[in-house]
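Two complexes are shown next, each including chain A; its partner changes from chain B in the first to chain C in the second.
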Partner chain A sequence: MEILIAQIFNGLSIGSIYVLLVTGFNLLLLVAMIIHFSFPVVVVFSMYISWFVMTLTGSVALGVAGGIASAVVVNVITAPMFQHIMRERGSVDINATMVISMGMGMIITDILSHTFNQGFPIAFPDALTGNDQGALISVGLVSISRGQVLTLIVGIIFVAFLFWLLYKTRAGRAFRAIAEDPNGAKLVGIPLLKTGFQSYALTGILGGVTAVLMAVLLGSASAGLGDQLGHKVLAVSIIAGLGNLTGGLIIGLLLGILEAIIQGYLAGSWSNAIAFIVMLVVILAKPKGVFGSKL
Partner chain B sequence: MAQNDPILKIDSLSVSYGHVKALSDISLEVGKGEIVVLVGANGAGKTSIMETVLGANVPVGGDIEFKGIHIGGVPVDKNVRNGMFLVPEGRGVFASMTVMDNLLLGAHHNLKNSDKKLQLVFDSFPVLGERKLQVAGTLSGGERQMLAIARALMSSPDMIMVDEPSIGLAPIIVNDIFEILVNLNKEGYSILLSEQNVYKALKIAHRGYVLETGRIIKSGTAEELLNDEAVREAYLGA
Partner chain C sequence: MSLPLYYYLAITAIYILMSWSIYIPYRVGQLHFMTVANMAISSYFAALMAINFAWPFWLVLIVGTLLGALIGFLVSVAIGDAPCFAVVIVGFTFIYLTKTIIENVEAFGGPLGIFSIPKVLQTSSDNRTLLLIVAYALVLLTGFLISRFDHSRLGRAASAIFIDRDLAVSFGVDVKKLGMFLQTWASAVGGMSGVMYAFIMRSISPNHFTFHLIGVCMTMLFVGGYTTLWGALLAAPILWGFPLILPEALQSWNIVIYGVLLIVVLVIKPEGIITRPTVKKIESLLSRNRKKV
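Let's look at the complex of A and B:
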């Protein structure tokens, strides 16, 4: 029972990472109208930049700022590539954007595995992760780290902020209009490219914050992490229903908990395989996603 | 009507979609305070004219002037800012969004005074006020058309283009919608209307243009067109 409680908490914190990544992916899908399954690779890139700045300057604060800034920069400078396709086609072209996303993912992963730390996995300093201070709460077998609590709290705050932005602000209203009917949005005078560009910047901030949370929670990163997360995020989004923000939130958390429970009771290395078997069963039963696609 | 002082002036406009020519050599005018109707069958080019004026299509030739300024190739958001708005065919309301959100989208380019504008709209369309927090998907066809027109008003336009407002509506509702358009026109809005319900449209319009396969084949005052033999035969079944 204690293992179960500990692993559920563990799963919630890793699940909130999945939720942030899936939400970023879905926002780009809905508003920028691209399938950017390498978005998690960009996030891992930001983890590396964050690590690099921390190592170079010794400052955690600068590392955090650098990580967030790098995600925004990568998203914003790659936006014109994606938007070029949108402008040329005059309509949503998901296939071509997938090629760009795939290429970006490969290039970034290669850069990470050749350039930083001689290709070895990176480890974040204790000043960021708080690992040297031990567990925050420790009752019997249940131990909850500072990183887990921080990830969960910031994750909740950030998702709440995103939903506030989507449902209570002018920009959010335009985002939702484009998500529902891009052509209709254009006809009422919403500039598609400019609004799409805002969504790249927003998901950049989202990705940067996620990168910092992942650094705190995982304490380390390797070049292959982005691809692995990319697969999971794509799977979660499709299983929840492409573009379904609430669905992504629920399935993301459930995946985190499922993985953590598997890790709690079985050899950890099986968690990916079992998680994907469960997801296969779900997608076979619900090919259009559990909560329905919003595309 | 003040035809010597047009709010919209289109001169030899041509539009193509790929290799398909949608409009050729279209010249027409909407005077300030006029209701002008575009008459023609499906595919005659009515929607193409409106969407090109709005800036959703880029013309291959010709000139469009709105309030004396050349606007060929100007994007939609700038044209909306300059005072025109399209009520699209099929209403184009966002079904998953609330009535309130839909209205505010009309004022997206300028949310200043939006509270005041909302109040005016709710005074004119009380049913929208009662349902402002409902999603637009729950409205009836007539209410959606009202919402689409009210959304246009939220943009503070000088000219409203209304594309096929009667499609899919019961005749009695169509009368209501046409009455709304007449009242808006009396308040000073210039209106470019496209309709397949030719008789009703010509009854409320000042002037009209008859389109066939992307060309204007006839134009005149509403009365002239109503009495024209060819128009009567082709569109009024008499």
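Let's look at the complex of A and C:
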């Protein structure tokens, strides 16, 4: 029972990372109208930049700032490329944006596996992860680290902020209007490309914060992490229903908990495989999503 | 024939087949990466049957292809008419699961893979010649079948689904059946490529069948042009060949080069270099010349 409680808490913190990633992915899908499959690869890239700045300067604060800035920069730099495609939406379908995003993922992953740390996985300093200070709470077999608590708290705050932004502000209303009906939004004077561009910047910040949280929670990263996360994020998004923000929140947390529980009882690679089998079964049974697509 | 030339030609044939295996279901707008998993499964099947049970090459080739088709068919029952993204994720999941199983089951050789797959013919040069002939015969056969399909009623139905699925349905096109057919066919091509790959390389490991392979095949298809079968046919030899003649320091960056090419071509020429009008133009030029003769 204690293992179960510990793993559920563990799962909630991993799940909140998935939720952040899926929310960023869905925002880009709804507002910028692209399938940014490699959004998690950009996040892993930010982890690497964050690590690079930390090793270079020795400062955790600069590393965190560098990580967040790099995600925003990558997102904003690549925005014109996607927007160029979206301008020709009549002749180009949304699949093209996914293929371009995959191309971007190929480039970033290959650069990460060639340059930083000579291609070896990177490990973040204890000053960031807080691993040297031991567990924050430890009751019997249940031990909760600072990283887990921080991820969960920041994850909740950030997702709450995003939902507030989307549902309570003017900018959020513009975002949702585009998601609901791009042509209608254009008719009432919402600038599609500009609002789309804002969504790239916003998801850049979201990606950067997620990168820092992942660094704190996982303590390490490898070049292949982005592909694996991209895969999971797309799976969660499809299971929830593409573009369904609330669905993504629920399924993201559920996947985190499922993975953590399986990990508590099974060896590493098999536990991941079981999570994938569960996802596969759900997708095969309901290819259009459990909560319905908002696309 | 020199060994590097043999490998270049043989692997080019595999890449053409694999790019076509992605082209076939993309006719109805589905990115069916499952074929990479089919390739892995059939190549392991081929290796194990040839080593442990001394199955002859031809039998392995036929059964390996059928195995691909069977798996493809079973999966297509669920995702024959699924949205593109669901098909993508099913493909990725199968690749991941196949890789995990191969790496963790001792009988499959673990992360190191399987070595010493027997030759089809005794002498090395005869073996290579035979495999090259078979590989290109399969390329011809698959190309011929795709061409027949593209010019048939079914091909036109597939194009209709690609452009406007709802309209195609209202015209009476059975989206699910056509999707199932194309996915099964693509998986069979994937399985066939897997068997050929195992016999050509004579050693296989799980690292051969990853996202990396998808990236390369996808680049060949989308850079060459995804609207005709000629795109992959012409892009595969060039894209696979040119990193080989680059300076050694640049060769390891081939994926970055592929990624940049993929993005640049899709942004500038979204349908790829060879499009249907290009093919029509070449055909009309050729027929004009023929008339002159």
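In this text, the second predicted complex is superposed on the first by the 292 of 295 C-alpha atoms of A that agree within 3 Å, B and C clash if a C-alpha of one lies under 4 Å from a C-alpha of the other, contacts with A are read in each partner's own complex, and residues count from 1 in each chain.
The rule we apply is simple: contacts are C-beta pairs under 8 Å (C-beta built on N, C-alpha and C of every residue); 3 or more make two chains touch, one makes a residue touch a chain.
None of the values given here were measured: they were computed from a predicted structure.
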When chain B and chain C are modelled together on chain A, clash or fit: fit
Partner chain(s) touched by A:186 [first = chain B, second = chain C, both, neither]: first
Contacts of A:270 with chain B and chain C, given as first, second, both or neither: second
Which superposed partner A:174 touches (first chain B, second chain C, both, neither): first
C-alpha centroid angle, chain C to chain B via chain A, nearest 10°: 90
Chain B versus chain C as contact partner of A:285, first or second or both or neither: second
Partner chain in contact with A:156 - chain B first, chain C second, else both or neither: neither
Which partner, chain B or chain C, touches more chain A residues: C
Minimal inter-chain CA distance - chain C and chain B, angstrom: 16
Footprint of chain A on chain B - complex, ascending: 51, 54, 56, 75-77, 79-81, 85-86, 88, 92, 94-97, 101, 104-106, 108-109, 111, 151, 155
Contact set on chain C toward chain A in their complex: 29, 31, 75, 78-79, 82-86, 88-90, 92-94, 96-97, 100-101, 103-104, 211, 215, 218-219, 222, 252-253, 255-256, 258-260, 262-263, 266-267, 270
Touching residues (chain side chain A, partner chain B) in the complex: 170, 173-174, 176-177, 180-181, 184-191
Chain A residues touching chain C - in the complex, by the definition given at the top: 35, 37, 81, 84-85, 88, 91-93, 95-96, 98-100, 102-107, 109-111, 114, 227-228, 231, 234-235, 238, 242, 269-270, 272-273, 276-277, 279-280, 283-285, 287-288, 293
